[in-house]
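Letters A, B and C name the chains as they come in the text, with residue numbers starting at 1 for each one.
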Amino acid sequence: MSVQSRQATVAHRGFVFDLGSAAIDLARSGWELYSVFARTLYFVARGKREKGAVLRQMYEIGNKSAFFLTITMGFIGMILVYQSGLQTKRILPDFTLLGATYLELLVRDLAASIGALMLATRVGAGIAAEIGSMVVTEQVDALRMCAADPIDFLIKPRFIASVIMTTVLIIWAAAVAYVAGGATAYFAFDVPWRTFLNIQLVDHGDLITGLTKCVAYGAAIPIVSGYCGLSTFGGSEGVGWATTRAVVNSSLAIIVLNFFISAAAFVVFPK
Amino acid sequence: MISFKHIKKAFGPKPVLDDVSFDVKRGEVFFIIGASGVGKSVLIKHLIGLLRPDGGEIWLDGEEISRKDELGMMPVRKKCAMVFQHSTLFDSMTCAENVALPLRKHRGMKTRDALIEAKNRLEVVHMQDFADRFPSELGDGMRKRVAIARALTLDPTYVLFDEPTTSLDPVSARRVDKLIRELSDKLGVTSIVVSHDLASIFSIADRIVMLYRGKVKLMGTPEEFKAVDDPIVQQFIHGRAQGPIE
Amino acid sequence: MTAAPSPSRFATLAEGVGTSVFGIAETVGGMGLLLGRILARLFPPRLDYPELRRNLYKMSVKSVPIVIITALFTGAIMVIQAAPIVKRLGAEGLVGWAAGFGTLREIAPLLTALMISGRVGANNTAELGTMVVTEQIDALRALAIDPIAFLILPRFIGITVTLFMMTLYADALALLGAAYSSKALIGVEPTAFLHGLTGGLLGFADVANGLVKSVVFGLVIALASCHFGLTTTGGAPGVGKSVNATVVASAAGIFVLDYFVSFLLG
């Protein structure tokens, strides 16, 4: 009983307390995130160029995520077409627009958003774990001693690499998901390939929206994860915490960005 | 009575223990000494089954224990408690909860009764005022005392101490020494202490074994160690930088 | 300063594929073994109730804020995406159904699972990994306490129960978010939205479909996070790597199993 009542009081006092401290934390993190972002942009424009750093990060982010992304996007493509096929079947058993609608959704939202959520876990966790380990083993302090700004040295290359590779990977992911979806439509609902391959619903607005999302997510993941990595403290527990926060915060950033970009696109490109 | 017989252990290609044999008698304070990385901690971890020997036998009170499985080791672990080098308290629990855990799991005590008993146990090591603190809020010496209280909760016959005074200030270190000696004198507990703290070795040890290059270099009382005419032993017990130890 | 190029960079593609296949097989095998050891502790149940209660509190109650944010935004996004399709068909009254179908069956369980994997699964790995590298697991064994029964079983149950409960929340909140954004975006009143939901095209089977998935996802996250936590080696960097491996394996496992469960349930 004592444990229960103790937890109850903690929870009770905790709620208002949590709300207040959460609001303060949010404001502070928001400001610090903005400052990391601004400094990254500054260094992209004016920082020292380190030969090969961006290429190495492109390899880390790109090649090492390609396999993971292919598997997950292949499966999500199959699931999405299967579910929407079932949905269509319930009202009008007419599959002529299934492929076209699917492609439209894929280009406008799903490829970028789901692909980026996958990259947030794979790439975001990797960046935070790597930078966080460097912080707790005092390698970042050693960098500062050599007069190298950690943002210039650690985050900038990851930022450039991520913006490029996220876009490339998401175009690849869209292709994988489309083919997997087409196969599902063919085998599960007997939709011929020619009917499925229909691009009439995709217009320039969808393309612009999709590409905007790629760039926005590609920029958000390294900034959020790098910030989580740099603010690591403590030992191994700290690195674990930083990695966890990187995954959660990058995913949240993607969901929130998706909402705003989608809403803006809805207004700018009315159908 | 504990007997190590021809213990061999290698990590990958690197042999750590190479045919180590010695006996520990009931009620004594037995020290295992040697340079860092010589396999002292590795050796005592074999006794409670945290590591398994590649060869050889370990006898505890007339029973061979090195071939037992994880479940079979549980009674042995209740008889042999261990105090880890870094205290290794559970950092999600308060000091009292740390000490209460074995009571709760093995004595079938309710959480509340176990906590009351845990506070009594903490009083023995003069930590009752810190019962509701978390380990991260305490210093090394205090954590060590809680760890000793936790190890003693099940009234073990043998207690293994892995470098109990390393990283403690001299005052805390001597207090820990005094505690180990009292355990043996008052309760008849057998202590096996891994250490290279010369002050502890010559103030509380009954017998000492020295490991060197994976083998037993010398076994005997502190007086015998002081008297022996071996350059390696002499270099170690006098803490000289120059000598045959590389 | 940054990670030196690994030797695998120069490995051939075939070698790379082979290594990945073996790596995946090893992981799946390790998880299978762990599952066996966990199940062995369930009959008869040797569960530490205070530990279970502590984990449930930490995992569920502390995850509520991110589940709320995720679900509300997701519901809104579903409507934004469904709106043009519904308009094209001239069936604004169906927006509740269109958004609800995807949300309940797929998107709410999936996104909740991804967020809980990041919040709870990753955190669990970090905790277990820290306990491994600081010898706390060995300390448990030295006290004659079985780490699987004491540590892993409560976490395993905790994660599975948490995800199930959070999916229930997310279902409700996502529909709420969807209802209000369809009013804002295409002028469908929440009552009409509700009618689209309950008009007969959606049934309890659709909700149950999503909930069954959430249990499967919960098991995947629980297994992956415990497995990678317990197999952590190499200090602080090792903990980071384990957490990374957990979220990647959970995400892959969630998507692959989602496909099979979707097909099985139809």
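As a working rule, contacts are C-beta pairs under 8 Å (C-beta built on N, C-alpha and C of every residue); 3 or more make two chains touch, one makes a residue touch a chain.
Quantities reported herein were computed from a predicted structural model and do not represent experimental measurements.
Centrality by Cα centroid goes to chain C.
Ranked by separation of Cα centres from chain A, the top chain is B.
If you average the CA atoms of chain A and of chain C, the two centres end up 16 Å from each other. Note: centroid distance chain A to chain B, computed from Cα atoms, is 49 Å. Taking each chain's centre as the average of its CA atoms, chain B and chain C sit 42 Å apart.
The set of chain C residues that touch two or more partner chains comprises 50, 127, 134.
Looking at chain B, one finds that residues 91, 111 touch two or more other chains.
The residues of chain A that reach two or more other chains are 3, 237, listed in rising order.
Partner chain A is touched in their complex by these residues of chain C: 1-3, 5, 9, 20, 50, 53, 57, 61, 65-66, 69-70, 73-74, 76-77, 80-81, 83-85, 87-88, 94, 98, 101-102, 105-106, 111, 114-115, 117-119, 122-123, 125-127, 129-130, 133-134, 185, 201, 235-244, 247-248, 250-252, 255-256, 258-259, 262-263, 266. On the chain C side of its complex with chain B, the touching residues are 48, 50, 54, 127, 131, 134-136, 138-146, 150.
Residue ranges on chain A touching chain C, taken from their complex, read 3, 7, 11, 22, 53, 56-57, 59-60, 67-68, 71-72, 75-76, 78-80, 82-84, 86-87, 90-91, 101, 105, 108-109, 113, 117-118, 121-122, 125-126, 128-130, 132-134, 136-137, 139, 143, 153-154, 157, 235-244, 247-248, 251-252, 255-256, 258-259, 262-263, 266, 271.
Across the interface of their complex, chain C is touched by residues 45, 48-50, 70-71, 73-75, 77-78, 81-82, 84, 86, 88-92, 101-102, 104-106, 111, 150, 154 of chain B.
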